[in-house]
């Protein structure tokens, strides 16, 4: 229960695709692979889910399954069973930023064009969506939803003008789209028998490719799965979804790249460049909070980066204390990193009640007043009479951590020092992350001057922006224990820190 | 339980609209009027329902509510309550001919255009839908559903080209649409603060206008509601919905007419003509089966026409028998007409179990074998030892009436003469009615030669096409008892009898 | 929509049982026969339903399925499928008089006793339930529900004292129960492999036995089903349920009789007598309103009795008018009887909207004010300018018929004469019928003096108690047209008319 | 995901009660306190939940709310709102051992007796239930469920014989019950305005009392809540539920004690003794696995005991390795204890996907073959190339840990040493815990001889029974680091270790 979780800050979407390799019809349960893949991306969106499958023949039969809520609720088993005979498909899990999370806005979006149906799943937010909507509508197209996904689909259908030719050039249309909008999108476009996996030139949202190997080979220590053992290809917002379906990490889709995935394998078709001089701008908060700790970005494991943030925080903000602990569960790697770096013992101080969920609270009851604390039990023996360093991954509004501090103090902690493993958020995101309004962010409010007093902590310290960037970019091996890290990013690496610094990777009025 | 009901023959849709009169915001519960209006049109479609309301200001706020199943299930009360502050709206109830009755295809369809949002509800089926879809897609528009309603909406947005002007000319766009497709449609188009009610030039589907009067005036015998008492205007596929919401019948929308309905009242904007020489082609089966008996078309009550069909049938097919009865409930007016004309006593022979519904039947059980008969109880005392004339409104496949005849005979009827109050259906409909394939229609099968033997009846006779047309067109007063009616239709009256005669009102490959 | 329906007057329960004949395990789908049997009794209770089946071996396996709402909703298909391997069973459909219609009170009630499990289903209401509850509790038994069915079950277990013998004498226990409570109950008691069908000595509630014949024999005119063709035995509150499952009416259970139903057939075990001089007291309202018209009681069809009530009413209350009509649907036989007797033509004046159902009505809306009239459409052509006799089966509170009269007058009826085919209800029922409180009954209120004025009718007349009794007891053949009937009941026939006369068949404080 | 969780080993029930203090009607939201209390006991039973409340006046009005599934699903908000005006109540959450988890078996059980209604909630399993059922039934009582709770309720009603006196002596009846059955039960009995909290003489199941204090006092460091601030009393299977509702731990109910809880406070009424020489027999698995780590039993925190088990395990089974880790989440305290004692670094090696839940798996798919591993992500960086000590809390069947070991090895662990923080389970439990059959328990199977080879581990070692007992009984302070602990239990302390040793606290055929 980090402040992120309570604050409603969240990723908007996860995308997932699968193509069965080899001869079709396949024995692979594609619809089920999609479902399990989405379950593993569930942390990226819990409001609705959808999958679209294709049998891959020409003209193809597409089947669509969409529902509200978690993936496991959204797809009734009997409907999933009906989707058995498919050879490829894409899926999407969604968190709505706008509150309009109707089934209608649910992705993937399928439209019928002169050349047949395409399906689109999208993670991100087009910075110039408003201008693009006007452009499409000026052409005489009505838009039936507010989703960027429909907009992208209509843009793909629109330019260049559709002609009744034999071979529609979807790749040209995708490139055209990429020239019309710089960021942010990781896209899956399915057409008949291929999936195009597309990442915007700034690489703002993640996208990884994996290879499905036979389960028998998966855990075997003797035989190694070779290329010939490939049962299919998958593409996912995060590599964490690969293990749960028996896939092996293959590589990331590069910023600006269009990758074609078919039963014949993976083919890189094109890389659309950024403007001269622009660095990539992968969202740094994927590392800090959004991604699952076992995902791999840019060659490093997210858990390790978070642990490194904790170490860096211990260097920047050392504390005279008895124990180090975490606000479970997302801050745990950082807390362990802090403990390792500082030499203080790591203990658990809170135990989470995993059933709390959606308890119905009547207005004005004592239970409402108990606040977030009712979600935790205090493990008193571990901290009574002690000075506690409590590592959290953020303080967004400041009203989540406050009752936890009270709880610890009441249960006997003599001091509670809050150490935050990321810098204060100060600016809005226009690239797919739901962030409270500027006024709600504690870092922009007068209370921030005495943040410790405001939340009732003995002391409060944040990780610096430079510290975060070097924890991400430095890589664990190159940082020596105790050494103050340098802040120079290396080579062609770059990250979007706009919500911390206000420096956006592109002009907002594109 | 007529053969129509069992056979799945059915109307595709009902449309309903309401605009509050006088000053806005209105006290009228527009969303609830829409809901009750749709409930009264439920017989025209039971698979899904939807309403879209507008607050009527510029730019407007639209609210959409859609759901599967009957109207009362489709709209949760708490969602209806949220729609309280609206001043106008349109609704739709749908029966899917294609089996794809997903929420996505559910009407009304709303799209955002350069000039804001329009909402469209449609009853009918565009005879040239395939050509129009191709045209729209060639322009670069992707179509996300298979519904004519989305197609109509995109056609309205497309031509003439959208310009960023102050006053979009929707009426010109509607006229343009009417020139692109001759039939069949009764349309409601809502834009900000007006509803355009449109009927195709052939008048194939019905559309009537009503006036909401204060409830206090409604049943009063002393005070009569005047124009000043108008609380709002409603427009509906059938006038039967007026009474249930406290509205008075005003008039029909004419074939080809565009009527603007606003808070200021009713205004006829235009009448798009038919090609020279073409008669109107109002669907004759609205009289025979689809419409509710208390609806009014062309100045006459549907019940009365059905009764007249029964009388005409008694003239064309007299029977030596003891009693006349009905297959409840839709054939009852015809049976009463037959009894009146023939002088035979009318009795009830079957009682319907209204709870039968969706009983779960295991494969191969005795209950399946019992067939439709399990829906009826035999009122033995009324017919045992007697010769029965059983009037039904149709024999479509012939497998519904057969077990009923067996039931009556087994319970003691000495003879069972089937008299059908409409001619045999032989041809498909391309204008909005779901009819079994040609091969399934009993009138096209070899068994038809000995239909009485096939279904186990003592004799079978149908109403003639001429008899049906004259029952509809003649009007009750002009037909003398016992007189063979003439078959000349009068003046500018015309009806579509394509499913009976194969003569379609327009070229099918338009 | 009679006043009965609107007023909430209703039967409390229906019971149904089935035993497969011949060798076990049976091929008969017993659980499905039970379900369909209950569907046909649905008019006797719509709030919950339950079935209990037994495999019939010793010790038996019982399976229970219960649910809220209509039978078709209460039993999920997948649960029904699990009950396939059973050889006998009993079921119950329930309407709660008390409002506590929880699943817990749902019947049949199963309890484990020293001699194994028994299951009980009950229709009726024990007149001395309170005293019996005290008796059972004084013995140290706790009662977990308020239902008579649990009480009966515990009484059966209690006396005589249970001993660990081989052969428990359930028949002696049932007789003992019948001596403890005189009425009202029709009971089904299932134990291992038999069902005991029991009717109280006054025969207050109905109970009939039927024989399941092969479907192939059912409608055959050539072969007649013989005893050897018996596939099973069924027992039901009403014979109307027999046809829907392919069963033939066999006979009624007699007042006071205990019938044993097993795979070997039907066996009458005992008849518990009434006190010297007491007549039977079959509820006369089963004829008037509760039963389905195709059910048979005491050798006559309910429909025919209702028609006779209409004829009798025409004799007692003739009217100067133009047409006779009905408030659909329950009053139709009486209306047809009135028309036949009076010679006036029968027409339909109202058409019912069968979809109205549970429309959500916001407080204070126009739709609420429209009242019951929104459920009907006026068939104006049939009565405009005419004097109408409107036959209804009752006026309970007087607030249902009133808006219908207004509707007819407003639509052009010049006079509306209400003729009620039953006498006014004035007294409560303590034997299983839910009747409004004395104060709510219009016949006990001051308005009753000018009932015509109160409801807006031109005139109002009721059937006399004597007329009702003779219509029921006389039998149709013995009544000559126009003759004033005598009021002497014949032989051993007797009916409970307590709600009309206040004369109850037993002392209430038994 | 410990083997316990996967294996289905589980507590059967949790009970919770609340009485508002001071003047009634109370302002305290008793129904909501009950709900939240049950949510905090959700780990003790997830299949159904129920609450019964009383207004506390004489005669009382009881309200019952029961439902299947988790507490938050079982109680619809609108139903909870209806229960607002109550002053006391009891609740229950249930896990069915028998598979018959119907609503009917759902507790609390309410029965009507000669002296009014009592409600009973029960945690435990009566060792002599079969004999008691026979006894009750011999008295002529039918039992409608298979639950011990109904049996207890009928026993309370039965003896001594009920008389119509003014003051029923429930305490005498409870004592009588306690003499009829020695164990295992923690009971709540509600009657009108009091709750009797009862624990069996062996104290086999836990039961604790708490005091509700004003929320304003709860977190205040300045003001301390005094007796006068008591808002109510709560009683719960575990003290972990106190914090979530704003209650303070007060004390445990003692073995054999009957405590009366009323608005006037807590009163100990009686202590029913054990047979001479018998020790208490609190279930040792409450410490090992069932209880939430923040609960307090016998004066010590469960978390601390588990940590101590880990330390003891490190003494008994030291390992040459690089890192210590846990199978999240239940084994974490033991793993941290092992790490502390051994001096090896603690790291996380697995990350749990909290959304996996009820994914629908088609038969024979690859996803099924992936097994439990799909629920975890490997945090490779933390263990690749290292020797891992993996601490789990049990190995029940051995099929859960196996794929985890494979996963770690495949991801690069060079050695995986399994250390189990409890002894092998070998015997069934007859006192309320659901344990697999003897044959399924890995410790009773031939594979157990080479358990390491069977599950693919480098080595496997269990905690000894003596080690577990001393970790539980010794208390942390008295154990010196590295010292071999003595196995003598102190004074009047005793625990049930029957499932480990086969030594049951009472004769099973009581």
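The first chain written gets the first letter, and so on, giving A, B, C and D; residue counts start at 1 in each chain.
Keep this in mind: contacts are C-beta pairs under 8 Å (C-beta built on N, C-alpha and C of every residue); 3 or more make two chains touch, one makes a residue touch a chain.
All values derive from a computational prediction rather than experimental measurement.
For the pair subunit B and subunit D, the CA-based superposition corresponds to a rotation of 180 degrees in steps of 5.
With centres taken as mean Cα positions, subunit C sits 62 Å from subunit A. The mean-CA centres of subunit A and subunit B are about 50 angstrom from one another, to the nearest whole unit. With each centre defined as the average position of its C-alpha atoms, the distance from subunit B to subunit C rounds to 37 Å.
None of the residues of subunit B touches two or more other chains.
Taken as a graph of touching chains, this assembly is arranged as a ring, one closed cycle with exactly two partners per chain. Remark: subunit C residues 64, 102-104, 109-114, 118, 133-134, 137-144, 146, 150, 153-154, 156-159, 161-164 touch subunit D in the complex. Chain contact summary for the complex, subunit B toward subunit C: residues 28-29, 32-33, 35-36, 39-40, 42-43, 70-72, 75, 77, 80-81, 84, 215, 218-219, 221, 231, 240, 243-246, 292-294, 301, 303-304, 332-333, 336, 340, 345-348, 351, 353-362, 365-367, 369-370, 373-375, 377-382, 403, 406-407, 409-410.
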